[in-house]
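Next up: the structures, one after another.
Both of the next two complexes hold chain A, though its partner changes from chain B to chain C.
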Partner chain A sequence: MSLISMKFILFVAAAVAGYYLMPKRVQWVWLLLFSYIYYASSGIKLLFFLIYSTLVTYAAGRLLSVVRTSCRDKKKIRKYGRLIIAGGLVLNFGMLAVMKYTNFVILNINSLFGTDLDFVSLLLPLGISFYTFQSTGYMLDVYWGKCDPEKNVLRFALFVSFFPQILQGPIGRYSRLAGQLYTSRSFDFQRIERGIELILWGFFKKMVLADNAGVFVSAIFSDPEKYAGLSVFGVLGYSIQLYGDFSGGMDVVQGIANLFGITLDENFRRPYFARSITDFWHRWHITLGTWMKDYVFYPVSLSGWMSRFGKFAKKRFGKSTGRVLPICLANLIVFLVVGIWHGAAWKYIVYGLYNGMIIAVSGLLGGQYRRWKKALHIAGNPWWYQLFQILRTFILVNISWFFDRADSVPQALYMMKNAVTSFTPSQLLTIPVQQSGSTAMTAAVLVIIAAGCTLLFFVSILKERGVQIRESLAMRPLAVRLAVFLALFFALPCLGQPPSLTGGFIYAQF
Partner chain B sequence: MRNFKRFAAAVLVLAIVLAANSVLLYALYPYTYSRVDIHNLTTADHDTLFVGSSHGKCGFNPEVFDSVCGTASTNQCLGGEYPIDAYHLVRLACETGHKPRQVIYELDAGYFVSEPNEGADFAILYQEFPASFTKLRYWMTKILDGDFRNTLFPWYLYRGKIFSVKDTLTQKAGDEYRNYGISSFANPAQIYHSTGFIERLVQPSDKSVKDTPVLYTGSNISSESENYLRRLAQFCESEDIRLITVTTPVPEVTLQEYSSAYKGADQYFTSLCKELGIEYYNCNYMEEFSSLRDLSYFADYDGHYYGQYANLFTERFAKMLDFDDSVTYN
Partner chain C sequence: MEQLLEILEDIQPDADYAACETLIDDGILDSFAILSIVSELEDTFGIAITPAEIIPENFNSAKALWAMICRLKEEA
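Entry: the complex of A and B
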């Protein structure tokens, strides 16, 4: 059930209506029921994978609890705990690996060894990357004693399957989400109004910004030779499309959760205002970034072998470099995992490693940067230096988008080359925005994109300065709120592109 | 009081949206021949109903067919008409009391290996359907799965017509629109007949671009399309309607160029129709039509007949059906 379908809108309406009509103590059961109906609507067979992941994680949590309560020997607790967590990780990630990466492995075996192994026809359960990470996070939190295991399997099933977030995140944490899911609530008109407002804003970003930009991006990336002079516009368009699509999707998801009185973790914080790649990953897909930090980066960088590597590096390269090297290596591992998480293709692995390399190099050259800054007499963080940092980061991010969007690494490199050797912006007007569309129509869509970006830019600046836009809107007279509401509502059909040209949400494929 | 204000605001928003939608739909939704087609379907009795895609629309001339078979028929084919649309068209005819004796379904493999495109054609039949259970069923099975804007803003797929609003309004205020006239559909490239047939005329630009048809590959069958052909077969059987399926000819050059795809599609449809117990004629592999596959008879490589050859094809097909009346796969 696509998030932009009428069926989904009615589904959400029914879920919300039923939620507030239900006796309060069973409101969470209603949410669970609707979450499973939603997931089953994509294929009843897919439920197996969701139930599997839920049961494996739930069982691991319960077993960890049993070991802790029944065993007094701390060594035994550690030993059994490790065994349980290893089993849980293998079972959880094993399913993800098999379902998502089997054909990638076969493809590489075939090309490496010249074999002719057949590809396997496998179902790719929707949202598997998201719910596997979410449930694994819970399992590790229980193992590290950060949260108590859930006793009720159905309650736990709701945590894994909560329908607004299952398709494209955010990757929730048990400690912040679970309590909210099980809390009962009364109907609150203001809550509904604010939820709908956020949903509309999300659809605005998706349909008006992302989908319009997507028309150009698709044309340019599907024929890079023909549009060689538009590579720069292609990737800039993709940066708009991806941000509008993913953050818009998050707003929709967050808005739907708000209808039930639930606040999900923030996933975007004006990422294109980031002043370094590290900062970018603190603002872009935040829940994936923090997941990686907590469950990959820290365990790796605090591990025994990394500590030994640190000692070796200090001896070999000196104190300061030796201190930074293990962190660089841990970052590289984190971003390798980020790349693999994004998809079964080399381009994603290169995308991840590219980000990891930049962060690693930045870490290694940190001292050098400070010296350069001093030599250039740049004191503090003047506005022009911040602007320079923002632009530099934006360019570095856009380079990574070539890998993310292109069909392959060679195509990404080819387009990067074109970006610096060929530039013919007038070609933009030759891209038809719909069948038999005129140049005037193409120009009109470009104006819509520019206007949408300007609006988003000002909204982002206000938010960056700490202005609570939604809160201040809520204080305005009803007529103003209605005008904003209707403007957003009618912008969707008037300014957005039809899905035949653009497809659904990009991250719903992960 | 506070909540009353909010509810009043919600009602006000709803009223504004409904009013704006009505005005915009009237102003933007153009007058198309589908309006005439559906009017014919729901107001007159027909023995034979042609359904299918644009190949059928340009390939079957009901006047010629009726002159051979002595029936009354209507061509309800449409570019972008998927099995789900054809199924609901047949149901609509029955629900409105104009049950046909036979349905001739033009099968195009392209519609069995793709999903309906949410372009301007997506909701055109839905817009024209009169209020009925079939329309409700159609909304629930097709429109509901589509973009929510199709339902909440029914004018949205036609917003590109903003620059011709004046013409649309003038046209809708005139007798032509009220009386289901067809003169406004004629242009140098084609003439629309009141029976639903489109007569393609020779144009200098024809075949200047070699278009690639949507090809059958065997691995990408749309379960929805197949499902709706099954439903159509079941419905026709339950209503005692004879269902005939047919693939219209494509130019010989196209057939040769994509021979494996066309043969694959032939095997697929032959087997499916045999399973469903319905007649299937693939005119690309029938001797009777071998002389009607010259490229010069078609307006394009995809297989849309020029009017005069469509007449020849329809005549031959009608004669074959008349002669071959008893052939079924039962």
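Entry: the complex of A and C
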């Protein structure tokens, strides 16, 4: 069931109405029921994967608890704990790996060894990466004693399957989300109003910005030779499309959760204002970044073999560099995983390693940067220096988008070359934006994208400066609030692309 | 405690470690800095810091870090 459909709007309306009409003690059961109906609507067979992941992580949590309560020997607790967590990880990630990467492995075996192995026809369950990561995070939190295991399997099933977030995140943490899911609530008009407001803003970003930009992006990336002079517009368009699509999707998801009085973790914080790639990953897909940090980066960095490598590096390269080298290596491993997470293709691996390399080099040169800054007499962070950092980061991010969006690494490199050697902006007007192939509306759509970006830019600046836009709107008279609602509502069909042409959200495929 | 302050100054200068209580919350220490600190603390104080210890409560201030060091030394 697409998020941009009348069916889904009616589904959410029924879920919200029923939630507040239910006896309070069973409100969470209602949410669970609707979450499973929603997931099953994509295919009843897919429920198997969701139930599998739920049961594996639930069982791991319970087993860890049993070991802790029944065993007094700390060494034994550690030993059994490690076994349980290893089993849980293999079972949970094993399923993800099989479903997502089998054909990628076959493709590489065929090209390496000249074999002719057939591809396997596998379903890719919607949202499998998201719920696998969310449930694995819970399992590791229980292992590290950061949260208590859930005893009720149905309550735990709701934590894994909560329908607004199951397809594209945010990846929730048990300690922050679970309690909210099980809390009972009374109807609150203000809560509903604010939820709808966020949903409309999210759809505006998706349908007016992302989908309009996506028309140009698709044309340019599907024929990079014909549109060689538009490569730079292709990637800039993609940066608009991806941000509008993913952050818009997150606003929709957050808005729906708000209708039930639930606040999900923040996933975007004005990422294009980032001053470094590290800062970018603190602002873009935040829940994936923090997941990687807590469950991959720290454990890998603090592992025994990394500690031995650190000692060797300190002896070999000196205290300062030796201290940072293992962290850089762990960081590269993290971004390799991030790349693989994004998809089964080499271009994603390059995308991940590109980000990891930049962060690793920045880490190694941290002291050097401070010395350069001092030598250039740059004291503190003057506005022009911050602006330079933002533009530099934006360019670096856009280079990574070439790898992300292009069909292959050679195509990405070809388009990068064109971006600096060929420039024919007038060609933009030759790209048809209507299904009929007409270019009559092309200029108008470009103006809509520019106007939408300007609006988003000013909203982002206000938010960056700490202005609480939604709070101040809530204090305005009803007529003003209604006008904003109606403007957003009518902007969708009048200014956006029809959902039947653009498909769903990009990240729902992960 | 003095040794700890020296380590912090060496890894990430330009912060008032004696007074600041929001080293993580305000983003003064990023993940690279945290792991550099962990590496130095393990070498200097002979303790083992696990991923479970890397939480804001343990790294938000020099005082909190010192409390963690003392606790891990006792447990060792």
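What we mean here is this: the second predicted complex is superposed on the first by the 502 of 510 C-alpha atoms of A that agree within 3 Å, B and C clash if a C-alpha of one lies under 4 Å from a C-alpha of the other, contacts with A are read in each partner's own complex, and residues count from 1 in each chain.
As a working rule, a contact is a pair of C-beta atoms (placed from the backbone, for glycine too) under 8 Å apart; a residue touches a chain by one contact, two chains touch by 3 or more.
Note that the structure is a prediction, hence the values are computed from the model and not measured.
Novice: Using the overlay on chain A, decide if chain B and chain C clash or can fit next to each other.
Specialist: fit
Novice: May I ask you to decide whether A:7 touches chain B, chain C, both, or neither, giving the answer as first, second, both or neither?
Specialist: first
Novice: First (chain B), second (chain C), both or neither: which does A:302 touch?
Specialist: second
Novice: Kindly classify A:265 by the partners it touches after superposition: chain B alone (first), chain C alone (second), both, or neither?
Specialist: Once the two structures are laid over each other on A, A:265 reaches no partner at all.
Novice: Looking at chain A, which partner touches more of its residues: chain C or chain B?
Specialist: Looking at chain B versus chain C, the one contacting more residues of chain A is B.
Novice: Pick one for A:145: touches chain B only (first), chain C only (second), both, or neither.
Specialist: second
Novice: For A:278, decide between first (touching chain B), second (touching chain C), both and neither.
Specialist: Once the two structures are laid over each other on A, A:278 reaches chain C alone.
Novice: Touch check for A:294: first (chain B), second (chain C), both, or neither?
Specialist: Only chain C; A:294 stays clear of chain B.
Novice: Minimum CA distance, chain B versus chain C, superposed model, integer angstrom?
Specialist: It is 39 Å, taken between the nearest C-alpha atoms.
Novice: Which chain A residues are contacted by chain C in one complex and by chain B in the other?
Specialist: Of chain A, no residue contacts chain B in one complex and chain C in the other.
Novice: Enumerate the contact residues on chain A facing chain C in the complex.
Specialist: That would be residues 144-146, 278, 282, 293-294, 297-299, 301-302, 307, 310, 323-324, 326-327, 330-331, 363, 366, 370 of chain A.
Novice: In their complex, what parts of chain A are in touch with chain B?
Specialist: 2, 4-10, 189-190, 193, 434-435, 437, 441, 478, 481-482, 485-486, 489-490, 492-494, 496, 498-500
Novice: Per the contact definition, I'd like the list of chain C residues that touch chain A in the complex.
Specialist: 11, 13, 27, 30-32, 35-36, 38-40, 42, 49-52, 54-55
Novice: For the complex, which residues does chain B have touching chain A?
Specialist: So the residues of chain B in touch with chain A come to 3, 5-7, 9, 12-13, 16-17, 20, 117-119, 122, 143-153, 155-157, 159-160.
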